[in-house]
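The next part holds the structures, each set out as structure tokens.
Look for subunit A in each of the two complexes below; its partner is subunit B in the first and subunit C in the second.
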Partner chain A sequence: MKYRVENLILAHIGVSFATLAAAAVLGAWQMTVRSGIDPPFATPETYFASVSAHGTIMGYVMPTLFTMGFGYFVAVTALDQPLPSMRLAWAGFWLAAVGTVAAIVPIVMGKATVLYTFYPPLTGSVFYYLGVLLIVVGSWAWVALMIWAMAIWKRDNPGRPVPLAMFGTVTNAYLWLWTTGGVAVEIIFQLIPASLGWTQMIDVGLARTLFAWTLHPIVYFWLLPAYIAFYTMAPQAAGAPLYSDVMGRLSFILLLLFSLPVGMHHLFMDPEHGTAFKFLQAMLTALVVLPTLLTIFTISASMEIAGRLRGGKGLFGWIAALPWDRPMVLATCLSFVLLGFGGFGGVVNMAYGMNAMIHNTSWVTAHFHLIFGGAVVIMYYAITYQIWPILLGREAADVRPLRLQLWLWFIGIIITTFPWHVLGLLGQPRRIATFDYANPAIAPWQPWVFVSMFGGYLMLASALLFVWNIATLYRARPVGDNRMHYAVAVYPPARLPNALNGFALWNWLVLFLMVVAYGYPLGQFFLMDVYPGLVHRVDIGS
Partner chain B sequence: MIAVIVVSSFAMAIHPPSHVEAIDPTTLNTNVEFAECNLGTRVNPDGSVTVRIIATQFEFLPRCIPVPKGQQVTFRVTSPDVIHGFFIAGSNANTMVVPGYVAQLRTVFSTAGNYLMPCHEFCGLGHSEMWALVKVLEGAQWKTDASGKASCEIPR
Partner chain C sequence: MSTDQDKGPPDRRAEDRLWRFWVSIAAGTFVVASLLVGLVVLPLREEARFDPWGAICRAIGIRKDAPTATGKSSDPPASSVTWSEGTRLGLLAANPASGGTIVKDTCAACHGEAGVSVDPQQFPNLAGQTQEAIFKQLRDFQTGARTSDIMAPIAQALTEAQTKDVAAYFAAQKPVEAVGSSPSVSANIVELAHIGAPARGIPSCYSCHGQSRSGPEEAPVLFGQSASYLEDQLKKFASAERRNDMFARMRTIAKQLSPEEMHGMAMYYGNSRPAKP
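For the complex of A and B:
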């Protein structure tokens, strides 16, 4: 590559997938414990430490490092300029890498069994919270570099539209900066003082609200790389232009706006908030389906163009004519299917009243594993299959193992999560290590758990095959031309209004929406008489 | 979908549990309402039914909760220690139990029988063992003592 960023990107994405493989092992083992098989090492201590590690990796480490690495790739290839500061980028990487170790070690030692959602007043080792904080601070270096790189490009290319892939990446950088605000305040002002023993009390309602601020948009931060690939990589892989560039920008902006003021839908069942703001945020949550519908329409239209260019005829003939042998095309289709199923479950979750039926049951676990583990991670695989060969300057001779891996993941996630929906409706709570299947009321759950465990092992097999596929690339044949080509719109915009080429307006709008949505819900803890809870340490004793 | 939510919440008053009522978790031991003798199911002088529950590491007090079929029941739940979850599987009775607050919700059980009541939020290493039982009783099975208290037992 032109700008010598290969090692930086490989380091980020390599660490990301190394941790994913470990977390996939933990996930399959956790399903085995829940099934009642009683595998080796199964105790409450190991089970909940495993859940804490699985969540910390899949929530904080894997997607953050992947998104950073992919962002650096987009910044140099889409803008065709070097990164503003390699030193800052490496500093961000090392902060995140050290943070990862600092967070995982106390979990393995059983000193931070608080799950990745923290649950104060439970309080673990300070190193766990510092580790998570370091990952976040490291990612802020990436945020700064993305914004900086776009500013340099706009200075050098006055009046020209920022390439769509970079526009999406910078959207995600701003989104992440807004997202991390809540959890950073919780960690710095509540969790770290408690874990150091400086405070004995913790305002639990405030902590939950701050975490909810982060908990929804963080999912959109994970999701945006997949959307960037939908718009700028999938049509190219299918051999067609993108149907509309402006639609992509609108979707990215809508995701920024409507992923943030909605996190209180995680608190529908919480006693510390009244109905008014829960209802307001439920309505705002409903709006977040808009960018997804826009995206599915635009990408389907782009795919139809590709199919017809390849000679597909009739109402559906273009679908058969698509180049399904290409991993990016296949993954995009599989991702849409998973997004559809996951979105369906999500609409039930956000439905204010209906949420009471499924809150904290396996239904919710099914929803976010479909969306994130399914729709998003399958696109992480596809993106990696596209960019890793470019970074190495080598090309896989045979893409069949790549397709097999994508299909395995797709089938695995479906077999894992469909039974979870059923179990959720039957009333199975999530986050429980073992069930008393001797109880006749619980016994009917067991066959469903067995089926989902089988799906978990399929996903594990797929994750390991992915690692193998990447490893074999290092022995693949070198290619001469390893430039990256992004999809360009049918009618590429020549000039754009500032609103579609920058973020000043949208950041002000986010600020407004956040003040409206969270001003009172956060302010109430300082306005009314609230009673904090006593800190409960989980890292003391033997 | 949005129309359904708007209609069901405004016209049918279907709301999530959002009873913002603060209580000091550190002095729950001297709180009169949640004193041991007041826990469990009670028929109030006006005939309404209230169930008071303490969720604590790692059990519900009481562990067996009788309620009448077809009558509105008000649950009031709180925690002296960490976050717990309150969920009656197969019903819409679902709330977080957050230390510092009384979680209150009302529901009607239309089918008699035994309902599982797991703690549905991670509360520590003993979390998986934290289950209670709700018995929805009808006819002669539903009875209270002279003070209006109803109780039941689960074989250990």
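For the complex of A and C:
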């Protein structure tokens, strides 16, 4: 590549997927424990430690490092300019890498079995919180670099539209900066003092609210690389232009706006908030269907153009004419299917009344595995299949193992999560280590858990095949031309209003929405008498 | 790369203003409308009486009379009964036959030998009432958690084992058929019983007093009691004259009910027949 960023990107995405492989093993083991089979090492302590490690990796480490690496890739390829500071980028990487080790070691030692949501009054080793904080701080270096790179490009290219892929990436950088605010405050001012023994009481309502601030938009931070690929990589892979560039920008902006002031829908059943702000945030949550539907429409339209260009005829003939052998096209379709099912589940979650029915049940875990593990991670694979060969300057001779891996993941996630949803409706609680299926009241659950476990092993097989696919690339034949080509719109915008080419207006709007949505719900903890919980430390050994 | 022709036309500032204007209008309208509905309209619909200020306060969680609002738990414990393993095993081991003997001597004059009260407006029917409910009330009369000039001395004469036996005896009797015709109860009373009023923090009566008995152990069966007895108890819970409900559950619920709702609820339970399980 032109700007010598290969190692930086490979380091980020490599560490990301190395941790994913480890977490996939833990995931399959956890499903086995839940099924009632007694696998080796199964005790409640090891189970919850494993869940903590799985969640910390899949929530904080894997997607963050992937998004950082992908962002650096987009910044140099879409803008065609070097990164503003390689030193800062590497500093961010090492902070995140050290943070990962610092977070995982206490979990393995059994001193931070607090799950990745770390709801107090549970508290674990201070190194765990410091580790998570380091990952966040490392990612802030990436945020700075993305904003900086776009500023340089706009200075050098006045009046020209920022390439869509970079516009999406910088949207994600701002989104992440806003997102991390809540959890950073919680870690710094509540969890770390408590874990060091400086405080004996902790305001659990405040902690849960701060975490909810982060917990929803973090999902959109994970999701945005997939959306960037939908708009800028999938149509190109299908051999067609993008139907509309402006639709992409609008979708990214709407995702920024309606991912942030909505986290209280995680607290519908919580007693520390009145109904008014829960209702407001539920309404704002509902608006997130707008960018989703815009995207499904625009990408389907782009795909239709591709299918017709390839000779597809009739109402649906263009679908069969699409180049399904290309991993990016296949993954986009599979991701849309998963996104559709996951979206329906999400509507149940955000509906105040229906939420009561599935709150704290397996339904919720099934939902976020379907959306994130399914719709999003399958796009991470597809993106990696596209950019890793470019980074290596090599090309896979045979894409059949790649397609097999994507299909395995798709089928695996469906077999895992669909019965899991059913279990939630049957009332199976989440965050429970073992179930006594000899009890006739819950005996009917077991067959569903077995099916779900089988899906988990399919996903594990798929994850390992992915690692194998990447490893074999290193011995693939070199290619001469390894430039990246992004999809260009049918009518590329020659000029855009500032609102669609920058973020000033939107950041002000996010600030307004956040003040309205969280001002009182957070302020009440300081205005009213509150009842903090006694700190409960899980690392009894120290 | 960049040329002058790419630069925006001179009216770019006007364009920015237009975006700012319409984005503010759209976001502002949406937020104001949502807040209006969530803060005023919906809570007001759930109020028993028209009280906009009370509705807004409750919607943001600062109701003055909310049990948590005082911040103090100065109240003495509502009851000394706990549903421990010992209590449960004791109830299982109770002897209804010896309970029957005690009932003939001490309880039958008011509650009837088969648990059918001689004056249901004053003395509740006990036939078919749950063992847990009768045991808990007897214990509360013994400890003074529930006050009654008549029941206190009678209950205090019994040992704990005897209270369990008596409870087992009444629980084993055939329940009273509901009395009278079924008067029409308004739809909102039926809804209160079946669904509750979530926004007022009132769970459905059925969630504890229903056939499935999924509620707390001591929750009694309500069908088959006289309406005036039930209304009287609701009023006593509302005024906190009766205070032996654990965690102030019934006091919290009852004081939110309007007098008409209390009357309606009492009529609903007092004069309806229980559904066949």
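Convention: the second predicted complex is superposed on the first by the 541 of 542 C-alpha atoms of A that agree within 3 Å, B and C clash if a C-alpha of one lies under 4 Å from a C-alpha of the other, contacts with A are read in each partner's own complex, and residues count from 1 in each chain.
Criterion: contacts are C-beta pairs under 8 Å (C-beta built on N, C-alpha and C of every residue); 3 or more make two chains touch, one makes a residue touch a chain.
Keep in mind the model is a prediction, meaning the values are calculated, not measured.
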Look at where subunit B and subunit C land on subunit A after superposing the complexes, then choose clash or fit. clash
Output check: A:D529 vs subunit B and subunit C. Expected answer is one of first, second, both, neither. What do you get? both
Which of subunit B and subunit C A:M283 touches, first, second, both or neither: both
Taking the superposition on A as described, I'd like to know which of subunit B and subunit C A:P497 touches: first, second, both or neither. second
Based on the superposed arrangement, let me know which partner A:V219 touches: subunit B (first), subunit C (second), both, or neither? neither
Tell me the contact category for A:R160 with respect to subunit B and subunit C: first, second, both or neither. second
Which partner does A:H273 contact after superposing on A: first (subunit B), second (subunit C), both, neither? both
Considering only touches as defined above, state whether A:Y119 meets subunit B (first), subunit C (second), both or neither. first
Touched partner set for A:A240, first subunit B, second subunit C, both or neither: neither
For A:T434, is the partner it touches subunit B (first), subunit C (second), both, or none of the two (neither)? first
What's your read, subunit B or subunit C touching more residues of subunit A? B
Re subunit C stretches 7-15, 25-33 or 205-213: the one overlapping subunit B is 205-213
Share the list of subunit A residues that count as touching for subunit B in one structure and for subunit C in the other. 272-275, 278-279, 283, 524, 528-529, 531
Considering only the defined contacts, which subunit C positions touch subunit A in the complex? 1-2, 6-8, 12, 15-16, 19-20, 23, 27, 30-31, 34-35, 37-39, 42-43, 56, 58-62, 68, 71, 199
With touch defined as at the start, can you tell me which subunit A residues reach subunit B in the complex? 44-45, 48, 51, 113, 115, 119, 121-122, 203-205, 208, 267-275, 278-279, 282-283, 286, 347, 351-353, 355-357, 359-361, 426-435, 441-442, 524, 528-534, 536, 538
Inside the complex, what are the residues of subunit A that reach subunit C? 156-160, 272-280, 283-284, 287, 494-495, 497-499, 505, 509, 512-513, 516, 520, 524, 528-529, 531
The subunit B residues in contact with subunit A across the complex are 1-2, 4-5, 8-9, 14-26, 81-83, 85, 87, 89-90, 92-104, 114, 116, 118-128
